[in-house]
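The following pair of complexes shares a single chain, subunit A, combined with subunit B in the former and subunit C in the latter.
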Partner chain A sequence: MIELSIPFLLSAILVMLTVLAVFIVYILFQRSREVRFNKARAVYLQTYSQAWYAFLFQDAEFSIAMIPRGKAQVAAVEEIFSSYLKNVINAEVTNKIQNSANQYLKKFYAKDLTSRFWGVRMNALYRIADFRINELLDEALQFEQKKISKEEYFQLLKIYSILQPEIFLKKIKEARTRYSESEYRRLFILLSDDVFNQMFDDFYNNEQNIQLAIIDTTAVKRNMQFIENLKRLLNDESDEIKIRALKGLYEIGIVDEIDTYIPFVTSNVWEIRLMVAKIFKYAPLTYTYPYLEQLLQDENWWVRSQAAKTIAEEREGVAKLQQFIAHADDQYAIEMVQETIVRKQGNR
Partner chain B sequence: MKILDYLMMFFSELIILYMLFVIMSYCIMFIVALLDIQRRYRLDPSEYDDAHIDAFYSKPVSLLVPAYNEEIGVVDTVYSLLNLRYPQTEIIIINDGSTDRTLQTVIEHFKMKPVQQIIRVNIPTKQVKQIYQSEIYQNCILVDKDNGGKADALNVGINISQYPYFCSIDGDSILDEKSLLRVMKPIILSDGEVVAAGGNVRIANGAKMQLGSVYETNLPKNYLVVMQIIEYLRAFLMGRIALSKFNLVLIISGAFSVFSKKWAVEAGGYSTNIIGEDMELVVNIHRLLKEKKEKKRIEFVPDPVCWTEAPQTVGVLRRQRRRWHQGLMESLWKHKKMTFNPRYGLIGFISFPYFWLIECLGPVIELAGYLYIIIAFFLGGIYYEMAVVLLLLFVIYGVIFSVASVLFEAWSMNTYPSMRDLFRMTILSFTEIFWYRPLTLVWRCEGLVRFLFGKSDWGNMKRVGIAKKENSV
Partner chain C sequence: MDMPMMSQDVMQEHEVKRYFNILRESVIRSHLTMTVVFLTFANDVQNHAVPEEMSMFLKSKLRKTDLLFQLVDGKHWGIFFLQSSVVEARAFLERIFNILEEEHSNLLVNATITEIRNNDVSFDTLITQNKQLLTKIGQKKWAVEEIIDYQQPPTEHVKVSVIEQNQIFRQVLEVAISQLVIPHFSLEVSTYEDGYSFFQSNNYKSAHIHLIITNDILPRKNGFEILHLLRAMPNGNKFIIYMMSERNSESVAINAYDGGADEFITKPFNLRLLEAKIKRTFERLWL
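Here is the complex of A and B:
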């Protein structure tokens, strides 16, 4: 027999209901606080957003009344700063925002960094990076000594990368926490070309996630000075590095010679052959056609398809493909070429 | 009389034991969910969303919209997809041989023109008749194909898609503009370790929307719909979050979920011969991962908001629940060998037993509990006490958990900001065990019976179109 008495269950239910009743009162209280907060923020925005605009863009005098007092007004100033930083690229405005944040918001974020709520600390870290509050760098370094989460440490790295790249390079090498490639990319894209070059010089001293993120970031930076760096990586032992480097070169989109790429036409890895078929888009067909014809008869569907697409994109490409059909005996390749021609002509 | 005594005693013990087990399980899952959500309290989500807005950080996604006789809702769905804040997407609408004007509506509305396209057949499907491309939105494609069911339509979408991830969206669903960013977050951050992610589905009835964007959420007047909203909240807080934390999720909603194309294709795509094709794909992927000893995950993401239309009448809701339960049974039965099989790790030892015991057999035992209470009151004497104990356990299970879910949601996410709505939901939670719960139990038992007798019912829901309901609800 299970010993569950009615009075026991009744008291348990009563206790739970009381807890829920207290919780509902708390929510009521929280909502009314939220309403007051939103109202205060709205009033500040209405009163001072014009003054901030004048100060940031028209060199108007800064009025003491604009100094935010309390969390609601800070939230309003954050809204003003964020919207300008997101929508306007102007070094002078960015500097003014940085100076104002250093002066008037610093103490709020320094306090938030000591909050027991993870969300509040994260918000502070976001703002320090967004508004480039360099006067909080010491606080950030102290904050790092505490037991912090992986996400918080990531934000710290972001802050260092913006405010003090030397510290950033040092911390990346320490590799206290491992991040995903996409996270590393988010950090590297913020670096200036000089600092980024230093990362490249140190390429092989990093773990693979960082190496791959460096290659991908190079592709996005689209800077010609990185082409040679990427070409060097084509001699790497890792297929993944080779594929990424080829992808990077394809993204940059400048092919000054094709000799570097010819050995990859016969690679054992289909993804490498596919990338070569893509890269040949940027070289004249007269040089690349013999190799592309070879790739048209590749065993892999994607490689055949890409080779056909690359050829078809050139002015005399369709004629070349028709010639190919006339003398080829590889049925798969012929079908692919026929489909590519139909598509090319159909979409014209 | 002696036999009846023994029987009644046996059943009361069994049901009470079961109820205690369920209450304990839900408590544990609730605590895990609380800890998980509490952590993000006061966090400003906009910072994070914006961080992934660039194509450089995100991965391109093909959005698949299977449509069968969805002429009312499909245009709004496509608009909500066009409104998504995500750098690289293609929208593939698959008309699964509709008999209404779905095809014409889409062609006319988005100026679709026929195009030639090479299709790589990764998964065998019914015949594709024609592919169209929008003249207005280059990334919007329409596929017209022979009728083969939702799963077959999705498989066609997978074959045509050109991106490494696809997202399946029901023809009548509306997404929040940040939904895709949020659901892709675990996939992007994990560098592909997460192979599928499902978003949190909310009920759209009562929400105000314009051209596919929800701009105000109000609680609908229909009690049946409000009860479903509470039910969704509870399922989300006492199930999905905790299961996801330990990679134990077997169901991610078909209304809004993202899959890695590579793994979905390797798992054979969507099964066309089963009712719950979304659960089936998730189970198949889990199975594949375990068999290949891959350390990949399937995650449920608490915040993305996909809005879907909930049934407004008892008849439609009954068909939906019957169908869901039948689908669940089919999938569990098909993969029964995974239960307690060490090869499948925690999926075999926790997920499957959980789904068998709580989700699948739960309705039978609970319904037996209701019947027991009724019979016990008639029999009187010693049975009264048992019946009251059982009733009180139902109160904890039905009322307390529902109220707690409603309040916790109000505190952490605040989807329904009006205090009046919050009170309405709280009060309605108290009534659940007297009408809504028994009704759904009967319908789920019907699904079980249908499974046992092999009946099939696709339970097509009659859509009225979400945007139109702005005035009617």
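Here is the complex of A and C:
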């Protein structure tokens, strides 16, 4: 049995109470700091929101009282700028925010980049990108030389893509860190069409994740000028690239000729045949019907279903499908067509 | 003394008076412009068959929504053009004047036009003013004159509710909309941070036209719930609903329009664009 003397127990309790007291004091101190911070931020917002609005939107004079002093006021200005950038498109306002951030917030973020806390550094990187603080580009390049995390490097790439696309194009090829397709897409969607075109020109000098992200980004951007680039990729050896390129072409939704797509009607890959059946939606049925009829009798359910839907979407489509039933032998195709006709008529 | 020649198939002055009072009030309530045209002969007509011929001619040229009537003196005709402005009335007169010149050369006619967009005019005043003007231009032929005293609509009070969680942007919208100058409308702008506080305010319970500018995503009753609840109300059509969204997605926009939104605006957007949309919305209220 363990024997503990009363003086020992009392000493232990005393030590624990002291530790607890220190914790409570620390928590109370932190809490009061947070309250002071929030109050200072709220007071700044209350006092200067209107002045910032007048300065940014109504060409009012800038008052030196609006210059943020201390972290709480910087947080308030960040909130004002972010709210405007997130909700309002106005080139003049964006320029004024950039100039004001260059003048009054730069020193705070330069200091934050040297912080030992990852969160503080990330926040600074986000703000540099959001407010387009180009005067911190040198600091960003120096920051890159340090041992930084994958997330920080990603933010740096984003900053380069916004502030200095040439650096971005160089860095992305260096492939210092690899990212997922979706992460690359998040970067590429921010690029101007000119810079994005340069990425496309250099397509085959990139790793596959980047290549696929480039193709997917065209589908999101839906810009006609990418059609020729995507058509060139249809000659690629990789089926995945062909499928993505067809998907991009489908999303852009403009089919100027169908000859490019005809060889894919007999592709060995069902996903490719499916995409062709989708793309034919944008071409007149007079040209595409023989191929769609072929796809109606495809071995794959998805391809048959899509071919029937594409035909049914045209004005004369349902009549064509009914003609098809009258002559076809393929029971699977007939069932699919009947189902599509019923669905189409049900939607009317 | 000659008895005036009254046409059997055309409504008479005393019959039309009560209709006029109803139509005049619906001009305000439904924002539908009404235009009244008065016609009379420019030459002295002795033949008793001529007024009858004129009545039949006018009747044959009108739309089903137009109302023709003959004044008690038998020499003046009035036409109410519902949902029509002075432009349509002028086009009508030009058309019938051309036909009359070609096919009924015995009929010389003058006309007056009164566009009505408020309820300041009584039937008797309308007739007196137009008859006086027609007498004044009696020496002319194929003349058309306008009375412009009733063209200005009354200033209408409109409620605007901005429902947006971001306090800073909410203020921006409030200031921008409050500073909008829209002819014939005065805007009373209120702001709310979520759908719940909007419904708690009871501001929506009034007969005023109510412009709602709401975000799609909101804490405590989001934009789609607001849309659904307002459109389900018996007087749901008084609400003009603009939905704002950060989601640049066609399916979200389609859902909003299907749910009854009048406009779907993707954020970020240009404030000038929003202001232009609002102005156009109110201009369209008056047909």
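Assume the second predicted complex is superposed on the first by the 319 of 348 C-alpha atoms of A that agree within 3 Å, B and C clash if a C-alpha of one lies under 4 Å from a C-alpha of the other, contacts with A are read in each partner's own complex, and residues count from 1 in each chain.
Methods note: a residue touches a chain if its C-beta (ideal position, glycine included) is under 8 Å from a C-beta of that chain, and two chains touch if they have at least 3 such contacts.
Quick caveat: nothing in here was measured; it's all calculated off a predicted structure.
Student: With the two structures laid over each other on chain A, which partner does A:42 touch: subunit B (first), subunit C (second), both, or neither?
Tutor: neither
Student: When the two structures are overlaid on chain A, which partner does A:50 contact: first (subunit B), second (subunit C), both, or neither?
Tutor: A:50 sits against subunit C, while subunit B stays out of touch.
Student: May I ask you to decide whether A:22 touches subunit B, subunit C, both, or neither, giving the answer as first, second, both or neither?
Tutor: After superposition on chain A, A:22 lies in contact with neither partner.
Student: For A:119, select first, second, both or neither according to whether it touches subunit B, subunit C, the two together, or no partner.
Tutor: After superposition on chain A, A:119 lies in contact with subunit B alone.
Student: Mind working out whether A:89 is in touch with subunit B, subunit C, both or neither, as first, second, both or neither?
Tutor: second
Student: Name the contact category of A:325: first (subunit B only), second (subunit C only), both, or neither.
Tutor: So A:325 meets neither subunit B nor subunit C here.
Student: Spot which of subunit B and subunit C makes contact with more residues of subunit A, would you?
Tutor: Per-residue touch count on subunit A favours B.
Student: Would you check which partner chain A:186 touches, where first means subunit B only, second means subunit C only, and both and neither mean what they say?
Tutor: first
Student: Tell me which partner A:175 touches in the superposition: subunit B (first), subunit C (second), both or neither.
Tutor: Touch partners of A:175: none, neither subunit B nor subunit C.
Student: Looking at A:79, would you say it contacts subunit B, subunit C, both, or neither? Reply first, second, both or neither.
Tutor: second
Student: By the touch definition above, which subunit A residues appear in both interfaces, subunit B in one complex and subunit C in the other?
Tutor: Touching subunit B and subunit C on subunit A: residues 86.
Student: Applying the document's contact rule, which stretches of subunit C touch subunit A when the two form their complex?
Tutor: 166-169, 171-172, 175-176, 246, 267-271
Student: Applying the document's contact rule, which stretches of subunit A touch subunit B when the two form their complex?
Tutor: 1-2, 4-6, 9-10, 12-13, 16-17, 20, 23-24, 26-28, 30-31, 86, 117-120, 122-123, 126, 130, 180-183, 185-186, 189, 209, 216, 220, 301, 305, 336, 339-340, 342-343, 346-347
Student: Which residues of subunit B touch subunit A once you look at their complex with the stated criterion?
Tutor: The contact residues of subunit B facing subunit A are 13, 16-17, 20, 39-44, 47, 50-51, 56-57, 115-118, 120, 188-191, 385, 388-389, 392-393, 395-396, 400, 403-404, 407, 410-411, 417, 419, 422, 426.
Student: Please give the residue numbers of subunit A that touch subunit C in the complex, ascending.
Tutor: Subunit A reaches subunit C through residues 45, 49-50, 53, 57, 79-80, 83-90.
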